[in-house]
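Below is one structure; the comments refer to it alone.
Every chain is named by a letter (A, B, C and D) in the order it is written, and numbering of its residues begins at 1.
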Amino acid sequence: MLANYAIVGIFLVAAISFPLIPLVLAFFLRPKRPTPLKTSTYECGLEAIGDVHVQFKVQYYLYALAFVIFDIEVIFLYPWAVAFQVVGLYGLIAATIFLLMLFAGLLYEWRKGALEWV
Amino acid sequence: MFQLTDIPRLLPEILLLVLALLVLGSDILERWGRTPAAQLERVKSSASLTAIGLGMVLFVALLQSGYIYRLPETAPVNFFTNIIRNLQSGGPGGEPIAGAFATDHLTMIARLLIIGAALVTSLLCLDVRPSAHPGEFYALIIFSTLGMCLMVGANEFLLAYLAIELTSIPLYLLAGYFRNDPRSAEAGLKYFLFGAISSAILLYGMSLAFGAALNGVGSATNFNDLTRFDRIGTFTASSGGLITLAMLFIVAGMGYKLAVVPFHSWSPDVYEGAPTPITAFISTASKAAGFILLFRLLTKTFPAMTGSPTLDTAGGWTAVLAVLALLTVVIGNLAALPQTNVKRLLAYSSIAHAGFVVLGLLAWAAAQPFDREQGLTALLYYLFIYSLTNLGAFGALALIGQQTGGDDLTHLRGLSRRNLPLALLFTVCILSLAGIPPLGGFFAKFYIFMVGWQSGATWLVVIAVVMTIVSLYYYLRLLKAMFIEPATDLTPVSLPRGIGAALAIAVVGVLVLGIFPNLILSVLERV
Amino acid sequence: MDWLTILIIVIQCFVITLAVTTAFAYLTLFERRILARLQNRVGPNRAGPAGLLQPAADAVKLFFKEDIVPAMADKPVYLLAPAVAVIPALIIWAVIPFGCLNLNWDYQACYDPARTNLWNILQITDLNIGVLYVLAVTSIGVYGITLAGWASNNKYSMLGGIRSSAQLISYELALGCAVLSVVMTYGTLSTHEIVTQQQGGLWGIIPQLLGFVLYMIAATAEVVRAPFDLVEAEQELTGGYNTEYGSMKFALFFMAEYIKLIAVSALAVTFFFGGWHFPGLDILGREVTALAGPVAGSIVFGIVSLGAFLLKVVVFLFISVWVRASWPRLRYDRLMDLGWKWLLPVGLLNLVYTTVVIILIPDRVVHSWVLFGLGAITIAIAIGFNRTPKPIDNVTLVKDIQLPN
Amino acid sequence: MELILFLITALIAIVGAVAMLVSRNAVHSALFLLLNFAAIAVLFLLLQAPFLFTIQLTVYAGAIMVLFLFVVMLLGAEKVEDTPDRIAWQQPLALLLGLALLVVSVVVGLGGATNPPPESEALIQFSDPRTLGALLFTDYLLPFEVTGFILLIAVIGVVVLNQRGRKI
């Protein structure tokens, strides 16, 4: 079984070398004449004003939190998806309870307005 | 494998889940108005649904356990007896879900204790107004109760761990529920950080035990399998450092949850900052569940590592616990002496009481099986009395804090003139905590000292008795503030029905169980 | 494993990586030409015959472009981000079967779900958790964009980066649900097994019509293609997360996006359109084997299956370009609503359908068609529900204003 | 071979963890933690647990770390400020105790490994996601469901801690 993953490892090496080769090549080929104006931050063509850390909506963070939770729940259903024909009706009941929790969580967030982009 | 007969065995847990979803659903699916009256109604409906529901679950659990009424075999067959028969088929004995959960007498009794404590807490909460999200407040209490019920019956590492999390996560949220109050927010954060670290330590201990039990076939997380195959049952302290390390980690991890010195530093801050009914809940039900889980973990996973509390060469977990008990009793009581905030004072008193409870665990080192069982009985009795008393004390404090605007000793001044019944109820609880006869606290302490003595930890019992006398000082300070010191403010304090009922239950329980301990001991002895 | 096998594997890995990158280069040309046609233009046609050398010309240009690193940027992360974006896009390909060329020279082994006697040179490896591997790699793909946005130290980049990562994670859930329903239908996580189980014309789209629709929407959002390309909303965010990137680094981001697009199309083919299956493929394999021996049989089988696969992928790519030419961009709140309030609940519903129907009706063909019907009904209902909401109209129109006389 | 792989991965994991601790920039810390997660995922793979490998990547690397990055970026809290440590004696003490624990663990771990490792066939059978799924729905049913409850509570917690009861 590990052999399969070793092949993935080899492929990973290939995949890592692929972006690196053009980057390194370009590093030697391209001109390098940076000036302070060139390397300044772009902002509408004017001088950049203020810090990058403008205030972000807390909503981004709420979505990320909700994502973590639901992602775990969906991942947990994968072993069941391959085994549900083996574990049969009781497995179905058990998974239904689990799915119910997922639905309840989603419904709760929805009703509470946590999924609202306002 | 899951079987149909498992359903009645897990019935209280299933009902708790349904109740929690019901409370949550009734809150989010209803369109509540924005007016204060509508908001008040919203809180009231969630709170009363929780209280009534918990009462019903308690009733079902009580009926199911068969301690009050056991359906005779010869009873006629009709609709009602069928219900009861089916219910009681889930009575003591059996291990549902492939042995992951044990529904023995210990679980049954502890379940009653926990659901009862949750019921009293929900009564206390009838008059607390969560600023926002009232429905979730009550649903979280029920979820936490569900976690504790699973914790006391957990017969498997994974379930034990997850049950602890299911208990703790709602409690973290509840402790920090009033986000606008910096003390509550601090309590929530501190509780969470300490809880997370201690969970990690506990989990590490569990995985070490799992690894120590590893052999050619694999390992098991189930306690039965761990011992049945002699994988771990034969381990003693001298035979493997790994298993000793596992035991130490488990004791330390649980020690954090139980706020045993030196793992106690979170508890005064959390107790002080959390909403007072939640403090009551944390200090009673979650502690009781933790002790029972600790008992199960230690006796089932490390049966050959018991050792002796006399601190001889044998070592073992009783020796570790004896040291912890010594530290807890001494430091808990001494640190309570200078406190001026009543919640902090009671927090330290709770720490000290945890030290006494550990004495009951030490009894497992005794030679005779009879003495061991006595130890467990004493432990359970102590937990019952302590829970009732603490619920009463914190309940009264919740009311005082709500109506006088603070919970410092100064706020207690002249309470006897502002509301005598409340002062008297509070006094009974304080005296029971101090262990004054004929209240429950006295007999509980007496019993546990006796058991500790038999286990061989005589030195510890002597120190504990001395410390009990020391503790009288700070308990009496509370009484002095209430009855002797002059009041700065003489406006009467009203006693709402919810808190009144909760206090009455607690005080009556303490009195009755103190005077007639056999009422409950006859049940507890079945363990 | 002997040295020859390892050598073959190494060559295979590099060849496939090269093939995928070449495919990316020509996809850009393909897209530009098709878009041009759809807009009544001609598109790039000067470099080489019919513009076929255009990608090479682009590459040469990118190599010689000056590379500017903003002074305010967090240098290590800034340099790392493009690589982090490309690598996940490439390694998804490890489990996708592009065809079946059995080096043990037995074409029938391709139809064996157990993979006995199969050494498929047209799939890098078959993992028993292949589908989960795809999801895991996709979930790593967020980092390239997020880090690029942060490291540039530019407001547009930051906004674009955060926006796109929120979009990616939101649609990852829907994607997970859609893929989960496929896994449920075939009861396996191995991509090879999923393909073999679609033998005989009962392609995945029949039991999983709903799953397919969900997958296509979610996957399009995952690869930030139109109409979900808010990341590069030029009018609001200039270039989004790659505002401060130029030359080869920019090319790498571009590459990551297009390779992901091809990968997602290839996965759609694998899950819902029978992978490399093609009607008459097994007859062809049998006849050629009978005619010219097993070696020729499996080689012909392999080439034809690869061709069938590529053909299907090209159809998907064409649809993607077509969509880009026809549909306007979504507004961000609508985008989030679509992900969380439509795709996720419908995806969960689809899971419930799939389980219940499969457990109740064990017969493969019957339950496939029942699921097809259920899916079609659900899609119809969802479309019926989703009327375009009235625009919030709080602007007083000119004609309503009473002009003073 | 496997031992070498294990040692390399374990080393990467430790280096990632230590670098995460000492890095002064929160985003760099997060990236080092990511490296650590990836190494741990590979460790799972070496233990013949491919399912855990993907979970580690999807959940920890793909979801939780994204959340971390979001928080850091949203708060603009990349740079750690040097606030004077009010309890300065804690840090050396903690280091000392941690080292002591490390030494004890190593000694115990080297001395205590007396049991033979499980047969690799049992492990390979367990590595099949089907076996895992079947186990999850039979023997480990209760923990599985409890996980669902905990996740529901987590959803509640997100809302309770983040919102001031704006809607309903």
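The criterion applied here is as follows: contacts are C-beta pairs under 8 Å (C-beta built on N, C-alpha and C of every residue); 3 or more make two chains touch, one makes a residue touch a chain.
Bear in mind the structure is a predicted one, so any value in this text is a computation, not a measurement.
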Centre-most chain [mean C-alpha coordinates]: D
Pair joined by the larger number of C-beta contacts - A-D, A-C: A-C
Chain centre separation in whole Å, for chain C relative to chain A (CA means): 15
Centre distance in Å when chain C and chain D are each reduced to the mean of their C-alpha atoms: 30
Separation of mean Cα positions, chain C and chain B [Å, integer]: 53
Shared-contact residues (touching 2 or more other chains) in chain A: 1, 5, 52, 56, 60, 64, 66-67, 71, 75, 78, 81-82, 84, 90, 94-95, 102, 104, 108, 111-112
Residues of chain D whose C-beta touches two or more other chains: 50-51, 55, 58, 62-63, 66, 70, 73-74, 127, 129, 138, 141, 147, 149, 152, 154, 156, 159, 163, 168
Touching two or more other chains - residues of chain C: 127-128, 132-133, 139, 158, 162, 169, 172, 189
Interchain contacts, given as pairs of chains that touch: A-B, A-C, A-D, B-D, C-D
Interfacial residue positions of chain A with respect to chain C in the complex: 1, 3-5, 7-8, 10-16, 18-20, 22-23, 25-27, 29-34, 36, 38-43, 48, 52, 54, 56, 60, 63-64, 66-67, 70-71, 74-75, 77-78, 81-82, 84-85, 88-89, 92, 95, 99, 102-103, 106, 110, 115, 117-118
Residue numbers on chain B that touch chain A, as the complex places them: 1-2, 21, 24-25, 28-29
In the complex with chain A, residue positions of chain C that touch it: 1, 9-10, 13-14, 16-17, 21, 62-72, 82-83, 86-87, 90-91, 93-94, 124-128, 131-133, 139, 152-156, 158, 162, 166, 169-170, 172-173, 176-177, 180, 183-184, 187-189, 238, 243-244, 247-249, 251-252, 255, 332-333, 336-337, 340-341, 344-345, 348, 351-352, 355-356, 358-359
Partner chain D, residues of chain B touching it in the complex: 1-2, 17, 24, 28, 31-32, 97-98, 100-101, 131-133, 136, 139-140, 143, 146-147, 150, 156, 158-159, 162-163, 165-166, 169-170, 172-173, 176-177, 179, 212, 214-219, 222, 240-245
Residue ranges of chain D in contact with chain B within the complex: 104-105, 107-109, 111-119, 122, 126, 138-143, 146-147, 149-150, 152-154, 156-157, 159-161, 163-165, 168
